[in-house]
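Chain naming follows the written order as A, B, C, D, E and F, and within any one chain the residues start at number 1.
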Amino acid sequence: MTISSTSPDVRNLVAAWLAEDIGRGDVTTNSVVPGEAFGRARLEAREPCVVAGMAVAALCFELTAERFDGMLEFKEVVGDGGRVEAGEVLARIEGPLAPILTAERTALNLLARLCGVATITSRYVDAVAGTKTQIVDTRKTTPGMRNLQKYAVTVGGGSNHRFGLDDGILVKDNHLIAAGGVTEALARARSGAPHGLRIEVEVANLEELKEALDGGVEAILLDNMSPETVAEAVRINEGRALLEVSGGINLDTVRSYAMTGVDLISVGALTHSAPSIDLALEFLESELEE
Amino acid sequence: MTISSTSPDVRNLVAAWLAEDIGRGDVTTNSVVPGEAFGRARLEAREPCVVAGMAVAALCFELTAERFDGMLEFKEVVGDGGRVEAGEVLARIEGPLAPILTAERTALNLLARLCGVATITSRYVDAVAGTKTQIVDTRKTTPGMRNLQKYAVTVGGGSNHRFGLDDGILVKDNHLIAAGGVTEALARARSGAPHGLRIEVEVANLEELKEALDGGVEAILLDNMSPETVAEAVRINEGRALLEVSGGINLDTVRSYAMTGVDLISVGALTHSAPSIDLALEFLESELEE
Amino acid sequence: MTISSTSPDVRNLVAAWLAEDIGRGDVTTNSVVPGEAFGRARLEAREPCVVAGMAVAALCFELTAERFDGMLEFKEVVGDGGRVEAGEVLARIEGPLAPILTAERTALNLLARLCGVATITSRYVDAVAGTKTQIVDTRKTTPGMRNLQKYAVTVGGGSNHRFGLDDGILVKDNHLIAAGGVTEALARARSGAPHGLRIEVEVANLEELKEALDGGVEAILLDNMSPETVAEAVRINEGRALLEVSGGINLDTVRSYAMTGVDLISVGALTHSAPSIDLALEFLESELEE
Amino acid sequence: MTISSTSPDVRNLVAAWLAEDIGRGDVTTNSVVPGEAFGRARLEAREPCVVAGMAVAALCFELTAERFDGMLEFKEVVGDGGRVEAGEVLARIEGPLAPILTAERTALNLLARLCGVATITSRYVDAVAGTKTQIVDTRKTTPGMRNLQKYAVTVGGGSNHRFGLDDGILVKDNHLIAAGGVTEALARARSGAPHGLRIEVEVANLEELKEALDGGVEAILLDNMSPETVAEAVRINEGRALLEVSGGINLDTVRSYAMTGVDLISVGALTHSAPSIDLALEFLESELEE
Amino acid sequence: MTISSTSPDVRNLVAAWLAEDIGRGDVTTNSVVPGEAFGRARLEAREPCVVAGMAVAALCFELTAERFDGMLEFKEVVGDGGRVEAGEVLARIEGPLAPILTAERTALNLLARLCGVATITSRYVDAVAGTKTQIVDTRKTTPGMRNLQKYAVTVGGGSNHRFGLDDGILVKDNHLIAAGGVTEALARARSGAPHGLRIEVEVANLEELKEALDGGVEAILLDNMSPETVAEAVRINEGRALLEVSGGINLDTVRSYAMTGVDLISVGALTHSAPSIDLALEFLESELEE
Amino acid sequence: MTISSTSPDVRNLVAAWLAEDIGRGDVTTNSVVPGEAFGRARLEAREPCVVAGMAVAALCFELTAERFDGMLEFKEVVGDGGRVEAGEVLARIEGPLAPILTAERTALNLLARLCGVATITSRYVDAVAGTKTQIVDTRKTTPGMRNLQKYAVTVGGGSNHRFGLDDGILVKDNHLIAAGGVTEALARARSGAPHGLRIEVEVANLEELKEALDGGVEAILLDNMSPETVAEAVRINEGRALLEVSGGINLDTVRSYAMTGVDLISVGALTHSAPSIDLALEFLESELEE
């Protein structure tokens, strides 16, 4: 997925987020800033980060300019995926000041969060560099921002797990309890689910791993195991199923898991605990249009 | 504000967030879990926190149960504002297993974030205990979740700043540039804005503070000043305007600012960097309904 | 606020209003008017008025032309705020006849009402000319048209009171009953409401006025008092609180109230009883496009 | 049509109108009124009127109570169609005070306008009592309120003309210009429109009346004629087409038109210039729930 | 009605239908097709048909291209109403391959159904060629597609009956039962319905026909009668009411009904059983953009 | 999937479809049928069919009854999956006549189409009885009705293919052209798509089949091959990939394909050419409520 600023989903979300902040109108700007004031601003990073979400930020400013019957120019300086240092300029904005001021907070709120996801993802990806392991996200995303956060994960070099409950089968421990065991659960999954979906099962130990492999599953989620146990799981698997590791993995331990040869390491923190990057909008000058 | 699970705004948001995860349906649960499976689960905290958002979590489960034409019981054990330790039970859920499994991730995603906001807020509030200073939030909220996050701030003991650009006037540095100075900006604000709104101005130093006081503003935001400068500002103010402090304040420094006697300290981190609390849903047992 | 024809709120409202009239399509125009018929029309006032809402009227025609895959030209002759006599032309419209005929009624329905609001407002404003008093509106607006009506009030020279229940605090008699008295009500308002909002209280007599002043309120609504009592209230106030007068004031009495020196006179009739101005669309000629 | 408070259209409109006023929440009520305050209020007319819209008013209070997770009782004292004097009670409301206060303005704004339409309609209907003429409305309705206003017209004893451009054919002078004359217009209407719709043509004089009758139209709108000319038109018509009169008719002249024997008199003022009836909500007492 | 690709109704429907297929994104195209791949395709008929819906098909491709921030060219080769043989090209599409592939199925699903309606309609129309009888549709349309299907009926040479329950009066047998007989039903219809609508009654035999004629109805639906009985009905009617025939008429029998001189024959099969025309999109070549 | 009448998706769709037919109101029923008329009706099949969609039909009547502030009872006699003969009763409906009449057409339009899909599906399923082959649907569904049609396929004994472009990967010939060949396409799919989705490729001949098997695909769509070629493909496959057959298969030929041992036969006609089953609503009696 790429973010398309003209996709109806993205436009509708951004419009709703702008409406959440603007409400009936920006009373400060509307009363204080002359309608004909014109100027330039630059969007800067105040800490190092991987940039993600520039199209969405631009859309915030552009949709707001439409409210004022005006047009502004959002010139991207660094594109998504760029790595910047503190103080670097991400974009220059030129046009009427009112919509720039009105859109500022929503644009920064979004961009700061998406850059945060891309940045933390890139750290995990860097940590496993040289191994065959992919860093993948989870469904532990911020409600309403899943697609954008998952996009930011790919910008940071990660891959995407399921986008929702409807595009992948992942049988977890609770499902096994509800179904009455692995055999029954797998039989039900195989007969009841669309044939285009792989069947993945979560296992808590090596016994369950073997049971799942005997059941012919195509992917296995190794939950909360030590690197040593994971390494043993890789040996047992013999390349049959795709192996995913999850649970309590952090930047300090991720490489030791990757060295076992697993295919995927999923990290909830990419989206539930990504830092918000410090960004700022600096106004350079202002003049009244003549 | 309190969260009303029957407010149309909250219901629509939660329904949209559930739809984001459920999409065309939970293929795993639908194929693996027998429709007649019935059971109990408990919602637990895995780390200490201040609880916020229980009504929204309940709504996730209830709206999902409606999709399955079923009904479940969500029994709240700890209400919003409760302080819990790791391992404590927040709620017990009883009913058909399918909707519980389908709603689980969205409910936890929301609750974990709202508990996070309440928890970090409570730390700031505790840090200024005994002073007259209020901890307030900012507009640096997660897009789409502003009202819920601001509610969680109050649960944690904080107060709310503006809810949007339309219910308060805050003239920032960029507005001053655009308006052509403090005098002009204040004159414009006074004549152009609805009379029900107070006028607050951001100042960067004590000279600007005096200028704002001379202009008769009702609230002043002291931006990025040391505790010493803030103390001096309090003296100069002589109780005339409401004084708010903001910028680079953390748990280590917040008390030294509060000791100066300012009215408000606003902290963006309450909403842009709150931790996501670790929560879990444990299934206790399962049985087929007869 | 200015009406922006590209604001999503305004566009959505106008589209909904057009849909209310057009339904599944204009069966008369679609069957009677040849698709290729082209012509000119002029929009006229049939009685003197202050013009307001031209951008919304233009939007009615433009959005309807889009339905017909056509484009028309709406040339504004008199802008918002212009004062016209009976027979004056407000705009000229040129293009395919079908969308002009289909949009006509909705456009006139809107424009007639907004001109009505601006016109009656201007009469009140004229009546207090030379005094310091501002004429302000109330929340007694037509459901669905609040923002547009409040815009028309400003076009007529008036000012806006609250836009809704969320951007201003006005403690009325019923609130006082519910809260258990002025002291309790003010204490609750001061601690519970966002600090960016002024606190205004309605008082019914001079005793309550003094009580409110003692409570330090920032604005006071003098309800249903005679000009003499209002004059006494102004003396008692000594410039401390903003004073607003309301209740049973009409064009004959408004000046006597303004002469007392109050700050604001709010008039519900600006929006709940504004006359609908008589407007007409005259077709000048018609020809088939070749 | 009757107003059904459970119709999705009515509920959605009322919800949108409440949202227009409530916005992010009623800051006055939320901060000043204790959540547990409970009481009674009565809805009164302050001037004589025909009542219309009680179900919509009730819906305003009920939907608002849902926001507060509460329930209130709206006891209708006078139903739609009732004629009341100044001071009469229309309804009694009992329940938590907060939602009553929050819903009050929207409920009164709606009810005052609908009672106004029913009241003015009833005056026209009374004026033609004893004749065969029906008083009908037009499409000169308030945008967004057409169906409710047309319902109020029937409550006042009037009948409804077209609800929109899609459920009736009315060929006006501009259509004739666009089509190139009566003959061509009627031929086009007959072949192009659904066969379930009658064809009505507007005529400006008796020559056009004859032409229309020769063309076999089923209804004729006599535009802006004197009672004498209308009487002549009735004679010429000999009962063939339905005859409607319109244009500049008021309460003083309407009976003289009705006496001519026309079938319908359409009056734009029923909806574009109906007075807003003065209504009030009186709180009787208040107590805290125990 | 003509299909306007810029009408808000049509755009919203098409956008919703695209969303139904695309969901969170076209994972095949997004992963397999390079973003810069560019090419040409042609849209072909694989069986003879009357073309209808080209503007809607074009809209599918254009709206999808917007999602990819791209633009493609949809060149219509055969317009609505054109009759084509198997193998004929309807349109040529040129542009980025990704949106063409993503939109393909929705576009074909729509176009195949609309061409189907136009094609079957044209067969009925051809079958009654030379008579005065019009072929009309019914309300037995596919939910969600009524307006488009009714448009396709007109493309095929047919006419439209009611578009919904609100733009025509058709009193059926069940209404007669509910009202308590023809006399009562007609009296109620005449007094209760807007005067712009004709009154049509369904009759099951010639006795009822006479009763309806005596009641002065303007149109009569002859339900499930033989051609002989219909011929007798035409004689009895003597041109007074519009006569419509319905019930169990197919391509073999339609002409014998038309020969009786009835005005309208309504055929539910035009929309409830129209064949889906076999169409295909052929890719001609592909190249990477440089 | 099962149809849940309380799922927001289903309710919203049904409400929109009812609105499409009802528009501003059922003028016939509203004027002709007394509001207090009460009665019973039965829903019958007029030809043999497999029943599907009873919950949706019930919802049509129930949602319409809400509009009339009434309640009716819909008693299902035959549930989804039941096989009925001509003349059998599917449901009995009891309550106020007005909503029954108003909802009738939409309910029948929906039910007739869903029963049609279930019925034709059951014929294909019966035709392959005793083989291991599953009958599956395609994305050639009616826009707006995909989920309901796919549900009806399962009622008829079939299985579901992809629900949209986002929950399965199917690389078709056009994708191969765009990607530049099978090897490149598979490599791209494997690296770019979420790991939870199987990769299916369409092949046109046995050479491509071998190439796909070498590429390690998990499912192969054999397009437009004879039963003999399919049998050869089954032999070559040796159970490695899931084999699906598609293209030009009808009720006469489907068994010969199933006998080859393929896993799936997908049939577009299940949804694009299902017959509309002839259903009727019979009113039994009517009486006025006292």
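Definition applied: contacts are C-beta pairs under 8 Å (C-beta built on N, C-alpha and C of every residue); 3 or more make two chains touch, one makes a residue touch a chain.
A quick note: this is a predicted structure, and the numbers were derived from the prediction, not measured.
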Common touching chains of chain F and chain C: A, B, D, E
Pair with more cross-chain C-beta pairs in contact, given A-D and A-C: A-C
Rotation in the CA alignment of chain C with chain E, degrees, nearest 5: 120
Most distant chain from chain E by Cα centroid: B
Whole-Å gap separating chain E and chain F, where each centre is the average of the chain's CA atoms: 21
Cα-centroid distance, chain B relative to chain F, in whole angstrom: 45
Length of the line joining the C-alpha centres of chain B and chain E, rounded to whole Å: 52
Junction residues of chain F, two or more chains touched: 23-25, 27, 30, 163-164, 166-170, 194, 197
Graph class of chain-chain contacts, one of line, ring, star, complete, other: complete
Chain A contact footprint on chain F (complex, rising order): 136, 159-163, 166-170, 194-198, 200, 218-219, 242, 244, 263-264
Contact footprint of chain C on chain F as seen in their complex: 23-24
Chain D residues within the chain F interface of the complex: 1-2, 4-8, 147, 163-164, 167
Of all residues in chain C, those that touch chain E in their complex: 15, 19, 23-25, 27, 30, 35, 63, 66-69
Interfacial residue positions of chain E with respect to chain F in the complex: 13, 16-17, 20-34, 37, 39, 41, 97-98, 101-102, 104-106, 108-110, 112-113, 139-146, 163-175, 177-180, 185, 188-189, 191-194, 197, 272-273, 275-276, 281, 283, 285-286
